Amino acid sequence: MVKRGVFIGRFQPIHKGHIKAIKEILKQVDELIIVIGSAQCSHSFSNPFTAGERITFVKKALDENNIDPNRYYLIPVPDTNDNRIWVAHLVSLTPSFQIVFSNNPLVRRLLTESGFKIGEVKLFERKKYTATLIRTAIIEGKPWEESVPSSVAEFIKDIGGVERIKAIGETKLKL
Amino acid sequence: MVKRGVFIGRFQPIHKGHIKAIKEILKQVDELIIVIGSAQCSHSFSNPFTAGERITFVKKALDENNIDPNRYYLIPVPDTNDNRIWVAHLVSLTPSFQIVFSNNPLVRRLLTESGFKIGEVKLFERKKYTATLIRTAIIEGKPWEESVPSSVAEFIKDIGGVERIKAIGETKLKL
Amino acid sequence: MVKRGVFIGRFQPIHKGHIKAIKEILKQVDELIIVIGSAQCSHSFSNPFTAGERITFVKKALDENNIDPNRYYLIPVPDTNDNRIWVAHLVSLTPSFQIVFSNNPLVRRLLTESGFKIGEVKLFERKKYTATLIRTAIIEGKPWEESVPSSVAEFIKDIGGVERIKAIGETKLKL
Amino acid sequence: MVKRGVFIGRFQPIHKGHIKAIKEILKQVDELIIVIGSAQCSHSFSNPFTAGERITFVKKALDENNIDPNRYYLIPVPDTNDNRIWVAHLVSLTPSFQIVFSNNPLVRRLLTESGFKIGEVKLFERKKYTATLIRTAIIEGKPWEESVPSSVAEFIKDIGGVERIKAIGETKLKL
Amino acid sequence: MVKRGVFIGRFQPIHKGHIKAIKEILKQVDELIIVIGSAQCSHSFSNPFTAGERITFVKKALDENNIDPNRYYLIPVPDTNDNRIWVAHLVSLTPSFQIVFSNNPLVRRLLTESGFKIGEVKLFERKKYTATLIRTAIIEGKPWEESVPSSVAEFIKDIGGVERIKAIGETKLKL
Amino acid sequence: MVKRGVFIGRFQPIHKGHIKAIKEILKQVDELIIVIGSAQCSHSFSNPFTAGERITFVKKALDENNIDPNRYYLIPVPDTNDNRIWVAHLVSLTPSFQIVFSNNPLVRRLLTESGFKIGEVKLFERKKYTATLIRTAIIEGKPWEESVPSSVAEFIKDIGGVERIKAIGETKLKL
């Protein structure tokens, strides 16, 4: 049987810490389901990019890192408002899996209560590589490009992502 | 005609203050509809338990206090996002009632605007018995069992409720 | 451990066939969760009564039949649009159960896929006692009262249920 | 106090029968709330036009008939899936009203149960002027323009409404 | 072609700053679509009034200011939870427009990304005329009537709006 | 620039006609977005398989046909209830695309109205290869395996898909 794991993130945007984690997990499983969480969200400070944009730059990032496309699935999963049905929702949208990689204690708890195995994933330079810091740097006009794969930085600039995040930041200040 | 009242709570978890209030209200009405509010919620700090778990321990608590099952209805009611339809939603899910017991001014206002009578319910040792304090005590590893009927404490421990609330607390700190 | 079963119906309205089935099931379990399905529906041909009205007349019917209120739970469960999350939804709204009583092959299949045991329930004079026939009789002005407990017939008349079902029937013809 | 009525339709499209009815009702009330029902629907056989398109051509039709804009409100109202909350939903989206004009028995029943008065509105040449016939004529390439105010026919053609309805008709045949 | 603009607000309540802005915009366009945003909301501190109540007092305010009803549309638009579909949602509920007036940077960004032109609207005494200040003054029992057209102040008092906002304020303090 | 197309299906299940069409389209574009439509549906006659199951067997079918995983994206897209926002919803969940392949006239119309180019895709032995016929054959116990790639037939049997579809068929007969 194929050993399949799931890795859940929002990837707003994908950064070098994510890439490092995915490479580590791929040593432990045959196939990895990369879940693009909060897939319905976009144009907010926490979630500036649409699921479609995130799928595009996650694929670019994995290609740039020579990760074999036969080793992973890339699946957008919208939030459920209700935690009580979230596991069933996740399971229905993904190929079957046995092990879950996440550092979120609630996600770990929900999947543990449903009988899934929780894997360990060490975070790589966690203080340096976080999506929140990247988005904040963009708003403040500070350098951020080094934290993400170069194809991701290029794509974000091409689609006007910098202007979008700044507009969202301005709204936040105003309200 | 049967004089029927409604008492609205989230019961996360039910505590001795709730029991005291229910006993007081049962002196004023023939039958009481106990609404388990926010029924769609679970696995969050404000709402750790599912509606099904809450129905189970509310029934246990009422049995432990010898409250006649013919005197009450126990009905889970999910939230509506929109206040403007909440009264119609509540009415559609419950047997007909004439009087409402609640200390929430908005709930009182909504039901007053729809023509319902608002009853008075004194809260028993309100500072001591609140569900928020109980959940906080569980996270901090402090004693909480005395605030709830013993069958409720036992059930919460049996279903892993303590571990769940602690995992949620950890998530909160992390985010 | 308490042996708990679940019996799922829409009860539009509850009839003597339902009562017979509930009595039979109560011989097999300690406690029975009676699920009022499609709880969000009302004022249509398939679902004329609100969940609140159905809770009221199901309780009356069980009382009329001297069924001990400590033996059952009466829980309204709205539909999910998506079958893939229905079992998780049902489980979250109900006390824990081990066995399911239903004659609907899809319900049986969904719960079997989730690992639940399916019990057998013989239907009592199925041709005679069906809610669809009762509603059709009401529209056509034919006798229907004998098919339901007398307290149910009385309640339906009291709340204007006959007029409501006839208005719905008229709409149906018109559209 | 202002005597205000409500007239509920889907206006897919508005036709001369609607105009006639609105003129009749305006003799009975000071102000009329014209509800554009099923406002969320479009691009289907029953509901080809968006709410925005319907607002546009209803306004044109009323102008063409010299109906004073101070006598009416034009309000899009999306459907609720649940009849039990529909009246509360309608009330929340409209200025207060006392009387309802509708030939749909269910709508009449729902509003009667909530205590509203139902007015009488005679339908003008009902066989000739129905939106379903107009849409069918468009699909079949038969004349339909005479059934609607000329500004409405012109607008529908301008926005490609004929092509849209034909495409929808083709889909229907195919599925 | 008609030059049509859209002006988006929540109007909780409409105040003299809004009126001034609408008058300014009407110099730039033939017709103005006034969108009553967050139309599903009511009975909260940010959104105390229902869409129906807001439609009523916006109409009164425009009449009081002698604004020609043939120059504007008044359309309630509920929120979408997802920004990614908000423009399509807005477009579907409104007559076609070319230019948007808003001071919210996110609204401006979303509509710019979809190709709409953004107009400029100067805010009139912005510090003095804001709906938040008006609602706060009502809670605190301070004067607020001068900030809104007199027909609006009268209507709010008539429907018990002052009591409603105070009840909501009390709830806020309590929670 | 990458020339990207989108191909929309429900793949209940994927069959040899789909494979043929995908191969044809891949001659016209650099990359193809394969949309798994009605992603929220499962366990019904029209949509027996979950999105996760469909992703699994579509991937197997493409692998069996040696289609390069760098040439396509496989994206589950839930339905919107409202056609008016469907294009925005589709666009938000997918990488950017220029051309759409679909034989559904409504889908073609919706995307044409939004300015997308519609491509031509010839259906291969359309009478022989349709998912509806395959599901009907499964219910009736007739041979169906030859219509789908062999890895797909094997997977469907492994997950109990035959039993599921038969249970659904039985329900249909009963209701």
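Some notes on this structure:
The first chain written gets the first letter, and so on, giving A, B, C, D, E and F; residue counts start at 1 in each chain.
The working rule: a residue touches a chain if its C-beta (ideal position, glycine included) is under 8 Å from a C-beta of that chain, and two chains touch if they have at least 3 such contacts.
Nothing here was measured: the structure is a model prediction, and the numbers come from that model.
Shared contact partners of chain B and chain E, listed by label, are A, D. The chains in contact with chain B and with chain C alike are A, D. The rotation relating chain E to chain F, fitted on Cα atoms, amounts to 180°, rounded to the nearest 5.
On residue numbers, the B-E interface is repeated by D-F, which shares over half of its contact pairs, out of the options D-F, B-C or A-C. Centre-to-centre separation between chain A and chain F, using Cα means, comes to 26 Å.
In terms of their C-alpha centroids, the spacing between chain C and chain D amounts to 37 Å. Rounded to whole angstrom, the centroid-to-centroid distance between chain B and chain F, based on C-alpha atoms, equals 46 Å. Each of the following residues of chain B touches two or more other chains: 42, 50, 82, 84, 92. The touch graph of these protein chains has some other shape, matching none of line, ring, star or complete.
Touching pairs of chains, sorted by label, consist of A-B, A-C, A-E, A-F, B-C, B-D, B-E, C-D, C-F, D-E, D-F, E-F. Every residue of chain C that touches chain A in the complex is listed here, in rising order: 80, 82, 84-85, 87-89, 92.
Chain B meets chain A in the complex at residues 40-44, 50, 160, 163-164, 167-168, 170-171, 174.
Residues 39, 42, 50-53, 55-56, 59, 63, 69-70, 73-76, 78, 91-96 of chain C are the ones that touch chain B when the two sit in their complex. On chain A, the positions that touch chain B within their shared complex are 81-84, 103-106, 108-110, 113.
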